[in-house]
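Working notes, beginning with the structure itself.
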Amino acid sequence: MTSTTTSPPAPLRVAMIGHAFMGAAHSHAWRSAHRFFDLPLLPVMQVVVGRDAGRAGHAAEQFGWAESATDWRAVVERDDVDLVDICTPGNTHRDIALAALAAGKHVLCEKPLANSVAEAEEMTAAAEAARAQGTYAMCGFTYRRVPALSLARELVAEGRLGTIRQVRAQYLQDWLSDADAPLTWRMDKSLAGSGSLGDIGAHVIDATQWITGQSITGVSALLETFVTSRPVAGQASGLGGAGDASGERGPVDVDDAAWFTARFEGGAVGSFEATRFALGRKNAIRIEINGTDGSLAFDFEDMNVLNFFDGTQPSRVQGFTRIYVTEPDHPYTGAWWPPGHGLGYEHGFTHQVVDLVRAIGADEQPTPSFADALAVQRVLDAVERSAGDRSTWTGV
Amino acid sequence: MTSTTTSPPAPLRVAMIGHAFMGAAHSHAWRSAHRFFDLPLLPVMQVVVGRDAGRAGHAAEQFGWAESATDWRAVVERDDVDLVDICTPGNTHRDIALAALAAGKHVLCEKPLANSVAEAEEMTAAAEAARAQGTYAMCGFTYRRVPALSLARELVAEGRLGTIRQVRAQYLQDWLSDADAPLTWRMDKSLAGSGSLGDIGAHVIDATQWITGQSITGVSALLETFVTSRPVAGQASGLGGAGDASGERGPVDVDDAAWFTARFEGGAVGSFEATRFALGRKNAIRIEINGTDGSLAFDFEDMNVLNFFDGTQPSRVQGFTRIYVTEPDHPYTGAWWPPGHGLGYEHGFTHQVVDLVRAIGADEQPTPSFADALAVQRVLDAVERSAGDRSTWTGV
Amino acid sequence: MTSTTTSPPAPLRVAMIGHAFMGAAHSHAWRSAHRFFDLPLLPVMQVVVGRDAGRAGHAAEQFGWAESATDWRAVVERDDVDLVDICTPGNTHRDIALAALAAGKHVLCEKPLANSVAEAEEMTAAAEAARAQGTYAMCGFTYRRVPALSLARELVAEGRLGTIRQVRAQYLQDWLSDADAPLTWRMDKSLAGSGSLGDIGAHVIDATQWITGQSITGVSALLETFVTSRPVAGQASGLGGAGDASGERGPVDVDDAAWFTARFEGGAVGSFEATRFALGRKNAIRIEINGTDGSLAFDFEDMNVLNFFDGTQPSRVQGFTRIYVTEPDHPYTGAWWPPGHGLGYEHGFTHQVVDLVRAIGADEQPTPSFADALAVQRVLDAVERSAGDRSTWTGV
Amino acid sequence: MTSTTTSPPAPLRVAMIGHAFMGAAHSHAWRSAHRFFDLPLLPVMQVVVGRDAGRAGHAAEQFGWAESATDWRAVVERDDVDLVDICTPGNTHRDIALAALAAGKHVLCEKPLANSVAEAEEMTAAAEAARAQGTYAMCGFTYRRVPALSLARELVAEGRLGTIRQVRAQYLQDWLSDADAPLTWRMDKSLAGSGSLGDIGAHVIDATQWITGQSITGVSALLETFVTSRPVAGQASGLGGAGDASGERGPVDVDDAAWFTARFEGGAVGSFEATRFALGRKNAIRIEINGTDGSLAFDFEDMNVLNFFDGTQPSRVQGFTRIYVTEPDHPYTGAWWPPGHGLGYEHGFTHQVVDLVRAIGADEQPTPSFADALAVQRVLDAVERSAGDRSTWTGV
């Protein structure tokens, strides 16, 4: 937490588009990152944008943005904005990102990158063009920044697992388990692109490709919508809530759950599941990786822990070691509290800001790039194609 | 542990064919069942059969069989044998079972029932014919008799989970993770029928169909052989061991791991995995079931526990309840020790003997019947067909 | 996260004395509380005070205080300060608190309240006098604000545990396990008052008295110093660090670990342990409570979870329910993220600010009051007296 | 499971006195040990003794003893008995053991060894005299033979923990939590000697002294009887049951729970608890040991697991390793099933028979000897004296 900087860092002026769940998390990160980490640029929370002036104004006040606005097209052109942070539903990502990059602004875009491969390709091309101008784009797969998963990647990269053979990834939630939970934008394909697949499945696709350092080359998939219509009106609570079961119902046109097997380029085989119907599992991101020399197991419901099986130890003392990832030499954690004082969900967002600002300060490409996010999008697309073709094996 | 019987029960004279791993487990069960449970018939360990006279004799002495023999065909005809217990590799099940049933002997046959659907059908037909004569056949899916899984079935049957939506089943082992572990019969398709699929995948297919009370109707599958040749010579240890890496290698022609998604007749969707390559997992049979009203989670590596999520509780105190399945009113456990004094692997075999002997004593069909085992065999077959056809969805 | 307030809340101008570990945590809380919770007063981070001007200035910049100062006596008199937040070692608490209260400032004082019962009594008397003037004092036992422990108290208060019979409390750390970890103020009795006892034992004394609603009336205790001298120079890391083993050593005159049994006024019996030598345990605050109708179990190393055994359930489904305390109807959590998105260590501090500001806004006494903290101090004192008298039972 | 023995082993003819809970467990062990382990002598279950001829006869039949008898004095003199296995309440241990040893019989005596130090001393003297004649006595602290605890001792003995500093031992049950559970011999001081202290506290005293290799030298203790009278009549279930709450109540004159701190001869400090009132804990034997280089943690409710923290590993991968103690190179487990196929409660008794018979076969003293058990008895006595003297520190 010490700094030897003599002159204050230059500002990095941020405009955030959207101020719902992700907006709250991103705001906290922009407020907090430089309080715990040395950053080469000082984030300035310049303006928050929302469609409704009143609510945007309230968001500015609540989250700590200097001002609010309603027209994102005008904001991304402003001279006093250096970076555009896109926290809106997926159907708007392409337009905002392209405009921001064209205006020479760095971009942080929530995941999934877009609602189609075509959009993602266009965005990636724009990002690569912008990069040549020193303008950077990044996609918000924040779970990479959970310290335990960052450590997972390090251990794989160091060869502690040997050759990766199996990947097991599940993202289990239950907020749609109630058949009368209300219909929201997350169940509307035109807005969200897909259901559990793109919302949460995308996270474990990105995480496993990143941790293993291997791309998925083909899939066999199944999608299911358990509840095909839901109350139009209702009261939100968390991501779900209580719908008005007596009133009108609208159609759900996205998947409630998705499953697929996958082959990775290095020879590993993976099985994936994303669901909003695993009653009792709230945000269980479970990732297990088995190699020839070691294995890893993680569950976000115990997010400060990484379980590591070191197959090179004598069999008498082998076992999964519950690494409590809060030591000074673990990723990110040295900047926070003493060992054993765990972190929470929002810290991933703060770490995302740290890595993004450091990359911009160093004039380097932050990761995951739009190209990385496009790779995820292509897997999502292959999953949908396979599921639409009787689960037949489908190349990515 | 009390009995009101005045006259001693009639004997049930058992011949066991095969005396390796399963033979040891079955012998312990035949020795122990009547010591803890009231049985209508008294098991008598009449004869054990093995191909090698010396080893069979030693097995008799060690395991407590009155005598040994080498010719199973002769033994199954003996007048002083009432029940034939088949503990041999899958390629021999058909012949022994058919002969035993034809000779009017009850049969307990290890799983998988056979190495093909055709064999299993033949055996099932024979079993049904024999049943009309009061001769019963049962297949040894012993995990049904783990108290926690028996309780799981009870809770589902009582409606505590509501409508079942998702099934998640994994059987994870790692004894082939070493690429130089020796080649044994379990890796030879002509003897074992298949690899992880039939050996351990069959267990979770049976368990999930039994617990949910629903049959699997279709699958999409993937099979993989990670290590395609192994040392012919080596030293067994557990199921695996250390092969002679410097010597000759033979081909592995079965799957090392299997994955499939499945639809159940009642609308549930399941994902399955069976592997011998999940380094660090020794016998992790993980079964999770999500319904509209409740969920269950089990892991054999903590075999005395069933986790139950009761979705009808107030959300403030909801959570997975770690039921330590050792209470007097839990399945089987009242016959053993006081609460909290857990059971081990072999108890499932003892309970299997209990249920089998009680069914025979009551002149009722024991479960799982050969027909139940045939249903599993058909799923195994559909899995292999789908895996051979680019994972395309395949009816059972 | 919504507000119906039309006029902005009045400011609550804060001066924080001390800016080390606790200062960082308190600053984060002052920055964050109003971003997630509606508060009747708006915290303003007016000034941070430290002995060294340079370091205090740096702390102001890093933590977000408007200015810094070095003379706490002057600061607590300032007209533009409404509340004094004391984050210094225990030997200074009395003087600062008395001066602040005398100047009519609200006070938040870190725990333990003081280094002696006499000091704590004096502070409590001052707090009670101030309270009559509408000036409030509170002590920082933040673990009360971990949502899982807040829920624990609610369940006890609602009678879900019946009559409390047993309390089991351990606070296990290991940062002094290395005999060459450096000597710091926490091992100096003149500054810290005591060792593990007052530093961490105080937390579980307060937590258990608060959760059970019962005071401790007597104790039998043992204190131990395993390592009686340590390197004077060294490099801090977390709470411990690496001492210069080749250089001078100074004496440790506080306890490394403390144990005591206790009787609560309601008839419960408790056993307590506080240690900095439980190698492998980083911040394991374990609290278990057994009543006639239910039990609770908590471990801070899995801080978002409260395990609840409901003895009124049928024995067949009894067990410890792992309540993942992140639901909208759990204490504090509705203001943060959707269910399953867990919180971290610092959230307790944010909740402390919320409760304090709300109490001040409502002109009510915040808890824990200085009187509550004095009750803890008296237990600490009884523990030291018993330990000094051959563990003989000693009244509080 | 192989044997190279050519001639069959000589018989070891056993007489078992008492046939309740412990009798069932011992019988299973005598039946099973030679089925899984090579033994130098072949146990022969000669005769079981009980006060009631009918029940003893039934026990013989159920448990597999060749005959039954009612007069233990006659039985211990019989020529066809080589070993006397004492499974009766503590008040009878002295007389039976002395008579058996005097008759030249080996003795296995359930714990606690006796109901007083004086009795235990007398028994130990007799055992040491007998030993000179090649007659051996052993006390039944079976938890030593749980593989995970045997491994714990090995790791300590190998120095993997360095110097032991702290011991934390709890034995938690809840079968008396119901205030109307019936009065049984276990609550009668004249029969049982003490309550939770001798019944279950004795186990953790023995286990921790054995694992650490250190004797307890002094204690400070507290005993509590939460429920001072109970229904005389009732129906047993497990260890507890349902008493007739409407009928006569009798006094409980033993402790319901016991707590003590202890110093070990090597400098370690321990805290102990034994209780029958920890609602929700059925047989939770928790042992934690912290050394300078490593730590161990065990809980019998997950009995196949030993958690080992290796402090010599790099901090980045440090953590408690969940050793699943079922490998071929773990204590005892190689004789049973493949890795991952866990053991249960009764296996400790089987291992006890194995170790006893092997020691007798090798003409060596089995452990724990009566002297070892006397050491436990002296700790029990010191605990009672301290508890009776206001918890004042009391030497053992």
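As written, the chain order gives the labels A, B, C and D, with residue 1 at the start of each chain.
Everything that follows uses one rule, which is that a residue touches a chain if its C-beta (ideal position, glycine included) is under 8 Å from a C-beta of that chain, and two chains touch if they have at least 3 such contacts.
Every value quoted in this text rests on a predicted model; they were computed, and no experiment measured them.
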* Comparing A-C against B-C, which pair counts more contacting C-beta pairs? -> A-C
* Just curious, how far off is chain C from chain B if you go by their C-alpha centres, in Å? -> 54
* Structure fact -> In whole angstrom, the CA-centroid distance of chain A from chain C equals 34
* Asked: Do you know which chain A residues sit against two or more other chains?
  -> 281, 318-320, 324, 327-328
* Asked: So how do the chains connect up here, line, ring, star, complete, or something else (other)?
  -> complete
* **chain A to chain D touching residues, read off their complex** => 151, 155, 307-308, 310, 315-324, 327-330
* Could you pull out which chain B residues touch chain A in their complex? => 165-166, 168, 170, 174, 177, 179, 220, 222, 224, 226, 257, 259, 261, 269, 271, 273, 275, 277-281, 288, 290-295, 309, 311, 318-320, 386, 390-393
* Asked: What residues of chain C sit close enough to touch chain A in their complex?
  -> 1-3, 21, 24-25, 27-28, 31-32, 35-36, 58, 62-64, 173, 175, 237-239, 281-284, 300-303, 324, 326-328, 336-347
